[in-house]
Each structure stands twice: as C-alpha cells, then as structure tokens.
C-alpha cells in the first residue's frame, strides 16, 4: 500500500511532464499555485475546525509513510507469545515486548502483563479502534472536500486571469500568453484534486479497513493470551480473519 | 473553531486579491454583486419560509462569533458544583449560578435548585438539545442551498452580460471589457459558494456535533447533581465522554 | 411562508431586470421561451402520468396562495371546543362548526358530532394525512424534475441557435445578435430552474412538514374531544407539539 | 398514462422543430445520428447482458402501448365474480373467464377454478408480482444508463467534428458549417437523453407502482373468491386500496 | 453476457471510426494516449492498494472471457449426481468429478466425497461466495473510479495542449492543428470512461448477481447430495431459484 502511492504519483506527474515536453518552465507559475493552494487551504479552514485539519495531516503522513504490518506477521507473533505464556506464564511476555513494533499490540500486551481484567483490556482496545476509525473517516472527508475545493479555486483563478486579460486587449500578442497563464490555475486545481486529494481519500478508506482488521486480530489475540488459550486453537481462530489464500499456519 | 473561520476567509480572499494584483478596482462591480447576492437571496426566500432564513442568520452569527466553551471546562465546573452540593446541599448552588456563562447549563442548574424532578429536567434539556440539532441542520441545509444558488445566479448574470455584449459589437474595443464585466458575476458566485456558503455549512455540522456532546455532558452532570452523586465518580463518568488525550482529572 | 414566495420571486427577477438595465426588450424572445417551456412541459408529460402533473399544479397553487393557519390558532380553537363539549356535550359543536376554516378540522369535528368510533375517526384522518404527504412528495419530485429539464431544454435551444448561426456566417454583423438570441434559451432555462422550480420544490417540502404537524395536532385534538378530556390537559398535550417559544397557554 | 407519452414527445419535438424553423434539413445528419445511437447502443451492450437489454425493449413497448386497466374496473369485475361464486360456486367462473382481458387476473381465476390451494395461488401470483417489479426496475436502470450515455456519445461525436475541423482550417468559409455539424451530435445526445430516456425511466417507475397496486388488488380479490367471502365485504376491502376520491362502490 | 461485451465495444468504436471517416491517422496520437492512460493508472495506484488493482485485472478478464455456465446446466448435473448417489452411494461421485468444469462445484463435490460435515462444507462454500462478492464489488468500484479519472486526465491533457498552443501563437496556421491535438486527450478520456470503464462496472455488477445465484444453487445441491435427498425433490427445490420461464424439469 505504501509503495503504490509514490509510484502512482510519480507515474501520473511523469505523464503530465512528458505531455508538457520541453516547455516545462512555462507551466511553473508560483502565484497561480499560491492562489489554488492558499485558497483551498483558506476554504478548508472555514470548513473544519483547525484541530481536525492539523490532525488529518498527521493521519495522512503516517498512513502513507509507515506501511501497515502484514496481518500474517501479527498472527505469527501472537501465536508465538501464546506458546511463551503456556510455558512460562503471562509475565514472561515482559521480555518479548521489546520485539513488537506495532504500538497497538504493545499497549494490549502491556495491559495483559499488568494483570488487567480481560473485559477492561477489550474496552480500552475497542475504544482505540473506534478512535482510529473516526480519525480515518474525518481524514477521508477532509481530503474529499479538498478535492472539491481545489478545482473551484482553480476556476476562480482562471476567471481572475480572464478578466485581467479581457480588460487589457490593446496588444493582441499578449492575449495568448495571458490566457495561458489564466488556465494554469485550472490545471493546478485539476492535478491537486485528481492526482492527490481524491485518490488519497480512496486509499485512506482502504487502509482504514485493513488497519481495523489488524486491530481486531490483535484484540482477539490478546484476549486469548489472557485466558491462556491453546496456541493451536488460537492460530486457527486468528487465521480465519484472513482470506483463505493467506492462511498459512506456522505451527505444524 | 472560532478563530479558524476568519483566518480561513482572510487567507482565501487574500489569495484572490493577491492573484488580482494591482487591478483590484476593476474587480469591484456593485451591480454584478447585487445580481448575485440579491438573486440568491430572492431564490432562498422562495426556497424556505422567511422565519427559517432569519433564524439561520442568527444561528450562523452566534456559531461563528461565540466560541463553544471547552468541554473540559464544563466538566470542571460540574465537578466543582458537585463538591458544593455534597458539602452544603443543592440550594447552595444559588450563589454559584452567577459564575456560569453557558445558558444551557444555567437552565439545568436553575431547574435543579428549583427542586424539579430529575426526569422533568432531563425532558426539558433533551428537548433543547433536539431544537439545537434541528436549528443547526436547517442552517446547514440553507447554507448548502445558498452554495448551489450563488453560482447559478452568477451564471445568469454572465449570460445577461454576454447577451448585452453580443447585441452591440459595433465597437470591437469594448468587447473585451464588456466580457470582463460579464464574467464578474460568475466570479462572485464562485467565491460566495466556495469560500463562504459550502465551507460554513461544513463547519456548522462539526460545531453541531461538538455542541451536542457538550449538552450531553451537561445533562449527565446536572442529573448527577440532583441525585447527589460522588464528585469523583461524576468526574470519571463525564471524562469518559472525551477522547482519552483530553481526559485530565482535576480531583486528586 | 406565503408572503416570502412572491417577495423572493420579485427580488430575484428584479435583480435580473436591474442587471439587464435599459435593453430589456432584447431579452424578451417569445419563440425562445416557447422552446424552453414547451419542451420542458413535453418532457414532463413523458415523465409522469398526466393526472399527476395536473394535480401538482393544484397542489402548488394551493400551497402558495392559501397560507397555512398557525398551529397556535388551531390549538386555541380545539381547546375552546373542548370547553364547549365539557359544558354542553359533543353535539353542541354543531353550532361552532361554521367558524372553522380548515377543511381537515371540519371533517374531524363533523365525524365526532356524527358519533363515529374514535378509532374510525383516526383511521380516516391519518389516511388523509398520508394522502397529503404523498401529494406533496409527488409535487416536489415533479418540480425537481422540471428543475433538471428546464436547463437541458435551454441548452438544446442554444444548440439550435448556434447551429443556425454557424451555417450562415456570410454577414459577420449578424453573428453577435444571432448568438445573443441563441443564449436566451439557456438564460430562460436557468431562471426557470433556479428561481422557480428548485426553490419551490424546497418550500413544498418545508410546507409539507408544517402541514403534517398541524394535521397531527388536529387528530390528537379531535380524539380528546371525543373522549371528553379535560381542556387544561388537552391544551398542555397540544402545546407540546410546538417549539417552546410558541407555547402560550390560553387558559389561565 | 398511455396518451401523455406520445403527446409529450410530440410537444417537445414540435418545440424543437419550431425553434429550428425553416432550416430543418440542416439538422438532419444521418452519420451524426448513427454515432450517437450506435455508440450508445454499443456502450449499453457492454453495460448489460444482451438478454436484459432485449427484454427491456419489450417492457418499454408494452408499458407505453397497452394502457393499464383502471383499478376500479378490476375491482368491479372481482366483486361481480364474487357474486357469481356466491350463487353458483367457483366453477361457474369458467364462463366468465373469457371476459377478462388482464392476463394476470386470468391466471389467478384459472388457478381458483382448478381448485388449487389458496396459499399456492398466492405464492405463484406474488412471484409474478416480484418478477414484474424486477423487470420494471431493470428497465428503469437501463433507460437511466442510456440517458447518461447518449450525451457522452454526443460529446465524443462533437470532439471528432471539432478535431476534423481544426485540422483543416485553410478555407475559413467552411469553419462555420463544419462546427455546426460537429454540434449536431451533442444536440442529438441531449434530445435522446432529456426527451426520451430519462423521462421514460421516470414514467416506468410510476407505471410500475400502479401495476403493482393492481396486482395486489387482484391477489386479494382472488383470495377472497376462493374463500367464498361476502361480495360486500370484498368490495369494501378492495376499495380501501384506492384513494378516497376513487372509491365508488358498485353494490347498493 | 460474454458475447455482448466485444460486440458492444466493436459497435461503439466502429461508430467512432465511422464518424472520423478517412482521417483516422490524425486521431492516433500516442503521447496523448499515454497521458490519459498513464495518468489514470497513476491516480488509480494512489487510490487503491497495488494488490487490489492487480486482482481486479484478473477478475475483469476472467469475467469477460469465460462465460458463466447456465444455471439450468448446473441443476441438471446436480440432479444427475443425486441419482448416482441414490443408486451407488456418495463415493461413486469420484468418477463423475472429472466431468465438472466449474471449480466451485468441484470443490463442493470433493468435500462431499471426502466425508466432511455438511455444516463445514456450507461454511467453506459460503465463505467462497462472500469472497467472490467482495472481489466483484471491489472490481466495480475500481472501474467506476477509472471511469471518473479518465475524463479528468483527458481534461488535464487538453489544458496542457491549450497552454502550449496559447504561448506560441506567432504562426496562426498552427493554431488549429495544435488545438486539435489538445482535444485528443479529452476524446480519449471520454471513450475510455464511457465505452470501457463505466459500462464494464455495470456488467460486472450484473454478472456478480448471476454468479452468486449459481453458487447458491450449487451450495443447496451439494447439501442435498450429502443428506441423500430424493432427486425429484432436489430438482424441484433447485428449479425454484430460476424464473418460471426457465424451469424445465429434466426428470419425467
């Protein structure tokens, strides 16, 4: 998921640059870019509380930079921990906690080690899952709004350029270039919307589903650790969350 | 929430002014603005009962001018009142009521002091919450309709300008400026829709959710005051309405 | 509700006329208007059964011409009748029936006087309410369809004008005026859609909700009359249908 | 319902012809029509299984050619049959079956005469009703898709015409007429969509509701015939399906 | 279903080629095609995880290349197998398994022969059905997104062409051809969207419903085989899944 995003952006922008050919410089117009990006940002600030917008930047960056650990890997770890618990008791997990990278799993295991009630652990972890879902939903919503505002701001910029050009047509040789500049804001708005905002909103939705599934696997796994379930039956239970093609048991 | 709105409007309009550059005067055309704003207002009057439209102005102004008190602050006050009630009985709140700024909380506390039945207090406060929700929903709906009507009126204005220009093309030097003026209504319509109406409808929805949460906290708090609940357990109950990151207990 | 509609239409059309300025005559083109209105009507006849379209005209006219009686007034009358019933029995309402203007209330009271079963009265009145709701919903739907068809017909008219103009460009001085005429159908389509059809569909929806509330108040009131309920408790029950700001009891 | 469709089509097309005026011949361009109709048909074949598309033609034709028998007429017949059954037994309906024109009612009555179980008759008739509903829903969906594809194909045709024209601008006198031809596909697409496809989809939906109501009346009626219900109570039951204004009892 | 897709594509593209006439070569522009297809692919990679996009290609190809076996055929086979089971026991199906072409039915029969529990067989087969549904839903969604991105990329390409042309208008004779090339990306985007992406998404939805019905018939059939149901009653049960017109019993 992580790698397709930069590849996609590079491919789409690469095609645009390729289409432009040699005259790339004439497509770079900082004021035009400022109108579209600044106007869109301003309208987003009117649309959502500041806190939500800032949080979304974090969510998007985190989503696209850190790859989601594979569910199979998390299952493998949980089954391993389950064997440790069987042999040496739940406190022995203290030594394994350093090897976990997912903060959600760390939180769950730590609560298990601390001897919290299973129902309490579940409550806390489910609430985290809800918060994740809300953050992602809010993020998608703001990205979709950005995807609608960017072309609108592009059109406003083009209207500005057209009005300026129409008011000053004494020198016919400047009409073409002026109109070219006027069209650049529409161009920027279309790219921001169709290469960045709308596609990223789609991927955030996919990612959200995958991450929720991972969290649910971890919640089920931690619950089993606390109740001392048999590793083999735990593995079977956790693998049933995956599509059959990915169900490779690690215990023989 | 309160501060992001003017910043956003200033940023978006600032970008537009920056894009226009020196020729700002040629973008100010009072008749064009009247066509868009007047036409939009007229069509809104056809769309909604007069009372609803007037009420919406109030709702929007109130929403954007008065910041919503932080939920944490309301919780702090309610816990404090709960301690007062414990020590000196419910009637002692009479002295504290002057320190409350939120009218909804004043109403609830006043009813508690007056010795009304808990169920009656809840009924009245829940009905107020419903009314708030309806007012906000109606406000969003009317703002969205305005966001659809403004560009339509802008287009009608541009059509008027184009027809006038096309009927009188004897002097080619006037064509450009006439068309520039014709485009101004579309320009105004796009700005009203994308910088004001649609973003404000979005923020009203966010604000409505936050205010409903605040009201629910207050309802729960007043209920606890009347039933003489322990301040510590009240605080725990009220904090559970907040996302974990904001849960800072004030009682040690 | 009644007065805002003509004011809104006059305001919106007034702005359009103001925008046009002196050249109003050149914006009146009967054939263009016929294309848009006739084409829209034709496509509506293909869209809905003739009976439904005719009924909608009636519904719209009635809605916009007759103001809805205030709910408070209906409550006042019902409470008054309730006092009459208390003093002189249900048959005494025979004398009051002439003073009622709302046909729905007349029907309910008449059935009460005729000694029909309460459940039968309710059945009949609820069915009337359902019919009202259906009529209004159908009306909104047809107005929305008209609001979509008018601009489409406007565009078809403009295409006709453009094709005619393009086929005959030998005399350049006629190009401008021909194109101006071609744009008039788009202009008419936009006005019909955005000043009349879509806003009227919105208002019909608001009105429908208000009228359903009124009917529900009347149903509850008639039911109380038949079962000989106490006027004071009837008033309290009926006032609870209104938003608190309108709840002014008439009994002291 | 039946008559409004051709009237509507004639009115809408008549307005278009009236708008065109004398130059009708220049609006007839068989290749342009082929691009729009052929392209739309091709894209529909990609969109739906062949069988569904063919079936839809049948459904549409049948719907628009055969008028739906009035529900009151069906009720009259069913009440009459009920009297016959009362006097002479269910087998006496054998003589009346020739007078029925609605195939759905024939099927129901025939099953009643054949002595099938009431529950079996209901099952078969309800399944037929479901099939009717599905056929109509599929028909509306395909017509709506056609209504979206026709303008798209019109735009593709116009793009073809524009590109051809732009590549060959040596003779300025041909530019106008070439562009006129290019616009014809957009014109055809708009008419197919707004006069035929979308309005017919709307009417199919209305018709489907009416026909389902008729079928339900017949199912209830046949059920009553089999269980030997009193004609008067049957009539009352069947009339309750109609809006009050149409409820004219035939039994005195 | 299978044959209508290529016929539809050939018909639609044929109409386009026919509309173009002799100058087909001037409509082939590899860089323009690369901008649209490459840009759309890039934006799709940003929109969905790489794995999902690759899987969709498989789903689409499989759906459009392999025809879905007729449900009647599957019913015939299942009834035949049921007779075999009656005469020779479930293990005798081992010889028939080679004659089955549908992998889903093979899987079900094989599990039956292996003596798995009926409930376990059902679980596995229902999970497969769910996966099929998900794959198809994901496929439709990605195709719809492609159908939205292709015209957007076409517009971006046209903007590039327009800007390049406007910046270099010294030689008027090149304006027409440059603009023609600029329009080609919009042309390609419209064709990809309206002839391929959106119609294929529609057909995938139809196909998905048909395939789910087939799977449900097979699940019911395999369940009956395992429980040794009477062939005649099995046939009746399976035929009830089909519309009446297709219900031809094979057992006499």
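Lettered A, B, C, D and E in written order, each chain numbered from 1.
Criterion: a residue touches a chain if its C-beta (ideal position, glycine included) is under 8 Å from a C-beta of that chain, and two chains touch if they have at least 3 such contacts.
Values in this document were obtained by computation on a predicted structure and should not be read as measured data.
Among the remaining chains, none touches subunit D as well as subunit E. Note on connectivity: the fewest chain-to-chain touch steps from subunit A to subunit C number 2.
Copies subunit A and subunit D of the same sequence differ in orientation by 145 degrees, per CA superposition (steps of 5). Our note on geometry: subunit A versus subunit E, Cα centroid distance of 29 Å, whole angstroms. Once the centre of each chain is set as its mean CA position, subunit B and subunit E turn out to be 47 Å apart.
The residues of subunit D never reach two or more other chains; the list is empty. Subunit A meets subunit E in the complex at residues 1, 3-5, 7-16, 18-21, 23, 26-27, 173, 175-177, 179-180, 183-184, 186-187, 190-191, 193-196, 198-200, 202-203, 206-207, 210, 243-244.
For subunit C in complex with subunit D, the residues that touch the partner chain are 31-32, 34-35, 38-39, 41-50, 52-53, 127-128, 131, 145, 149, 152-153, 155-157, 159-169, 185.
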